[in-house]
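Some structures are shown below for you to check.
Two complexes are shown next, each including chain A; its partner changes from chain B in the first to chain C in the second.
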Partner chain A sequence: MSEVVKKKKYDLDRRDMPKQPPEVRRFNFDEVALGYTPELAVEEAKRCIQCKRPTCIGNCPVEINIPGFLNRVADGDFAGGIRILKEKNCLPAICGRVCPQEEQCEKTCIFRKKGGQIAIGRVERFLADWEAQQGELEMPELPRKTGYKVAIVGGGPSGLTVAGDLIKMGHEVTVFEALHKMGGVLVYGIPEFRLPKVIVNREVEYLQMLGVELVTDFVVGRTRTIDSLLDEYDAVFVGSGAGLPWFMDIPGENLNGVYSANEYLTRLNLMKGFLFPKYHTPVKRHRKVAVVGGGNVAMDCARSALRLGAESRIVYRRSREELPARLEEIENAEEEGVIFDFLTLPLRYIGDENGWVKAMECQKMELGEPDASGRRRPVPIEGSETIYEVDAVVCAIGNSPNPLIGATTPGLIIGKKGNIEANEETGATSREKIWAGGDVVTGAATVILAMGAGRIAARSIHEYLTSNGSA
Partner chain B sequence: MFRVIANQMIVPNVHLITLRAPAVAREAKPGQFVILRAEEEGERIPLSLSDWDAASGTVTVVFLNIGSTTSRLASLQAGVDIPTVVGPLGNATDIEKYGTVMCICGCYGIGSIYRIAKALKEVGNRVITIMEARSSYLFYWEERLSSVCDEVIQITRDGTRGYRGHVHKLPDILKDLDEPVDRIIVNGCTFLLKRVADVTRSSGIKTMVSLNPIMIDGTGMCGVCRVTVGSTTRFACVHGPDFDAHEVDWEELLQRRKTYMAEEVVPLRTSRCEERHFQMQEQSRE
Partner chain C sequence: MTEKHMKLNSVEEILDYAIKKEEEAARFYADLADRVEQKAMGDVFRDFSKEEQEHKRKLLTVKSGSAAMLSMDRVLDLKIGDYLVDITLSPHLDYKQALIIAMKAEKAAFRLYHNLAATTDDENLRALLLMLAQEEARHKLRFEIEYEDYYLREN
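Up next, the complex of A and B:
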């Protein structure tokens, strides 16, 4: 730091992270980004000028002491860095990879105006991977057991965060997951090439080492209701996610070859269909795949289709500027050869004689006045209908919360969009002893926001359990 | 892990497997199903529950050995563990006092209709069950069904027992009965369900079918099980599996079920043999 002050010249050269070249990676499911070397991580961390009043921390949903860990890395003290990181974030290897840092911590970095914002996410990722390479994980000291038991519904990002926080506060924690693997969207949704599953498993194993009980193949709402869990547990956190896929309700959506993004990605990721037939869940090898939507999930689908050998295109009704996906993912997709059809809206899918989709009719759009989301509203251009040949369509236009919990938990107030209503500051729901957070409350959002909600709920649950309000 | 307690072929190609799954057994209701995986690399497949016992913590399913997962399942010996048995999934069949209820079943549906018929009888319905098969040697659980039904009628395609033909005989059977039927419930393959829907459509008798589309998670997440019912798209796993037979788009359902027909047997054909090949190579190297 003193050196920087002396020179009065800031290093604005944001260090690139090595990646697999596009022409190689588009044919494999291995991770695209290869991560910083220790040298690159130190160089990048040294660029941080350790602001007196850092703006990055407040923009992190889990309030990581960012200058703190960067400072340790700058000194080459990686063990110290990871310790600071893990005080607030129990899933750093995951957040370092999938957080939209450009919208959060890196957005307010004072170097951003000049395009030299510190690559906080990349350093975070480096630290987590460095720790994993050391073999032994450092175990935090756990407080004495309080004797309180908390059940967590859903083993995704919010649930795992609550589990990690509460176990470190001395409570007994059990996580119930409907699928056969912990991780929620991290294992069924986000592809291997963006988030290798060994990393998710590593984080889950860490929680297990801390003493969190993990129960898979257990659908709360079916296998047991929340009220039945409350006979045994002192509190319940619901983090069941946004798992109900939306369709556009246009003709031909139930043709064979038309998938929800959830189905397409689950077959590939959770069920490892890209290794078919070694893994038995079948995946079709299509020739021309159209992915409808413009978010991160749409990018994941289009890039997966490409890796399975298809010509892959994104069909999006607005323009490139409005794409909700992370810029990094858009650029990756473009480099790999995904075709983008902007200002294009599917009208119907056309089937062949055997009920398989063979074409889609689309309409061209132009941008009109801004709508409620602040983005310019797409307006159809009359007479611009065109027919594309496709043999598969993936509908990646969003998800709403799974209705199972609401339908089986009397007294739990459900909002208009099917979301569980919860207090933003505490995660408390309309029912005593029940908290909720993540996508089931907000609708489909990001991993880190779900983790942030988990952190808030864990704090509130802890307060409830340790105050007189508890049983 | 979920232990196989018993596994046997009860009639040619139809298997009955009993698994230890206490959490499922405790909550199971007639008409619900489970999703299971027979091995770590395996596919998730939905199977209707045929029986369960909360006291012993076991569930029983009857299945047809038809693809790679069911073939693997059929080969499992008592005492081994399988990685996934999750449930009970789907909504239970509506059990009310309707009057006279006709339960129609074939193939694995003979197994899954048993607890439905039993529950219907227990709430005071008169229960008439129709069992359908290609030939009499494919019938099983006749005594069990007889014990919970007022009457059991059989149809065989080759005429070796009961009525000869298929469910198109249903109008004849209904005519032969000296009482009106208030509700029909059908369990079995999609072909049977559709045939029953066709022949009862004009009768005005409410006909409920338990649908069996492709599923992955069984909790509403993947949407592969979508079916058109009364011109709206429904997910069989969370909105069903029971639907009004006369509102189902059968052509679409039959087509969607065929999506992976070519792939379903591939793991059976290739990976196992290749595995064996490489095993042998390795052994010879040693």
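Up next, the complex of A and C:
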């Protein structure tokens, strides 16, 4: 009896989210996770014990009132839940899908030690999808226009967050995006099977309905400089992301068939290469693809290659335990049949007579003695060199910010790693009237961190505009 | 005489040579600092130059009688620089390229002392040359760790 009571009080059974079976999904680009049903969402939300001092809120970069929205869902009040969620997060359908909740809000959940942490992200996603199904969006009441104009450089997560916040504070906002679609990494980087683009479009349309002006195919730094924008706008926020891919600087990287993850994913996601001939930009179908790296981007590339019919392998120089990708994505990749070569380092790529990559030479690694920091670093095993046959390689080891903004904006201080230097508390840069946030400041990070930085900058821009009279 | 065929015949000669090499390295980075476009990269190369000057000071201390400052302990070799392509010097160098340049330079210095050690029958001179080689390996490891922590997160 006492056990029954205990079970009822502390339900540690984290509800699974239905997914497409691996043998089906590996042949399509449809979303893998299918989302909670209303019943599952209510069951999951009911498990939250509404801690008096909840630690989940402080671990969310945008400080969503998590127990608050879970409480509403537990009562079946989905409209109330989404209202609470949207007080702090203007992109819940996106965050519910791609945020690393296990490293943030769910990390300190009281049930985590027993493996039963509340699936906050899944309920968040449910609420956002539920709202979309209702047809009509609840529009917030907007204040009187202030007359101030703000330009936002980059239509990715940080820029869209700043846009959403500032328009609700009464300012006029224009977002300038270099590509032909808004969304930044959400549209060019994350594949359809993890984040359907219709969801990004929905969030962008919501901002448009609020009155945000969206300008695409506009490269700030080329089409117009930031200084030129400042002739017209009272403040500028730079959220241009980290779009400059890194290569390994090993021989053979200029061969045909060696892609950066940016290029590979952009061809597929933004240009819809996988839907050729419906879309006009075909992507080459490779037979054997090696993806170098171990993060979420590497998983996205490997799983995309698999869906295009290739034998797909991840080549990673550390062991499985060190993979930086989300566990969920690693497991999805494993289930779908991606091959993992751990403790393996590419040394060079070998080309055929036409300049196409045909093989890669790799070396096995082992973990060395702990160094001064206590970390065991991978060291090569002499004589373990192996040749793998491949016809494509995707380099997914990381990105830096594009140097264009720094090169065309005098006085803007750029750090040694190519990032814009900005005040953590405000997003203010070394130049008056210019703020920055997201990957362009931190280097490639997560969507929610970029949104958090956008929120901080929006507050600071608002304070600046309203306290200065005219900026 | 090329470095390949060089022979150093006394402790003093070896240390003078090593000190000269550190001075050259400090000058190389200082020149580079003045030639790169980005201010932050200029600062990076100025810091590298200061590090080389520190190495020189350490060797001067050794020369004045504190040989215990050097060690024969084998330093971990991550061999990251070994498989990377050479970087062409230009005003547009970025931090990643700066680290590759530094790693490769330290590795070359390590190899030089190691090879020189193999050319002498004098135990004391060999020990000193091998200690200098390990010193260079230590410098290289500092750059390799920085490179690995930032550019080889593979994320």
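Structure notes:
Assume the second predicted complex is superposed on the first by the 454 of 471 C-alpha atoms of A that agree within 3 Å, B and C clash if a C-alpha of one lies under 4 Å from a C-alpha of the other, contacts with A are read in each partner's own complex, and residues count from 1 in each chain.
By definition in this document, a contact is a pair of C-beta atoms (placed from the backbone, for glycine too) under 8 Å apart; a residue touches a chain by one contact, two chains touch by 3 or more.
Source: prediction; values computed, not measured.
Once the complexes are laid over each other on chain A, chain B and chain C both fit without any clash. Contacts of A:Y388 after superposition on the shared chain: neither chain B nor chain C is touched.
Of the two partner chains placed by superposition, only chain C is touched by A:M248; chain B is not.
Legend: residue contacts after superposition of the two complexes on their common chain; A:F111 is shown touching neither chain B nor chain C. Residue contacts after overlaying the shared chain place A:R224 against chain B, while chain C stays out of touching range.
Looking at the shared chain after the overlay, A:P324 reaches chain C, while chain B stays out of its contact range. In the superposition on chain A, A:N402 makes contact with chain B only, not with chain C.
When both complexes are overlaid on chain A, the residue A:D371 reaches chain C alone and has no touch with chain B.
Across the superposed structures, the minimum distance from chain B to chain C, using CA atoms, reads 6 Å. In the superposition on chain A, the residues of chain A touched by chain B in one structure and by chain C in the other are 249.
Residues 23-24, 27, 37, 41-44, 68-69, 83-89, 216-224, 226-228, 233, 238, 251-252, 255-256, 258-260, 263-264, 266-267, 270-271 of chain B are the ones touching chain A in the complex.
Contact residues on chain A toward chain B in their complex (touch as defined above): 178-180, 188, 216-219, 222-224, 243-245, 247, 249, 253-254, 256-257, 259-260, 262-263, 266-267, 271-272, 276-284, 354-355, 402-404. Chain A contributes residues 246, 248-251, 292-298, 316-318, 324-325, 345, 347-348, 363, 368-369, 371, 377-380, 396-398, 400, 406, 413-418, 444 to its touches with chain C in the complex.
Within the complex formed with chain A, the residues of chain C that make contact are 38-41, 43-44, 76-79, 83-85, 87, 94-96, 100, 141, 145, 148, 150-155.
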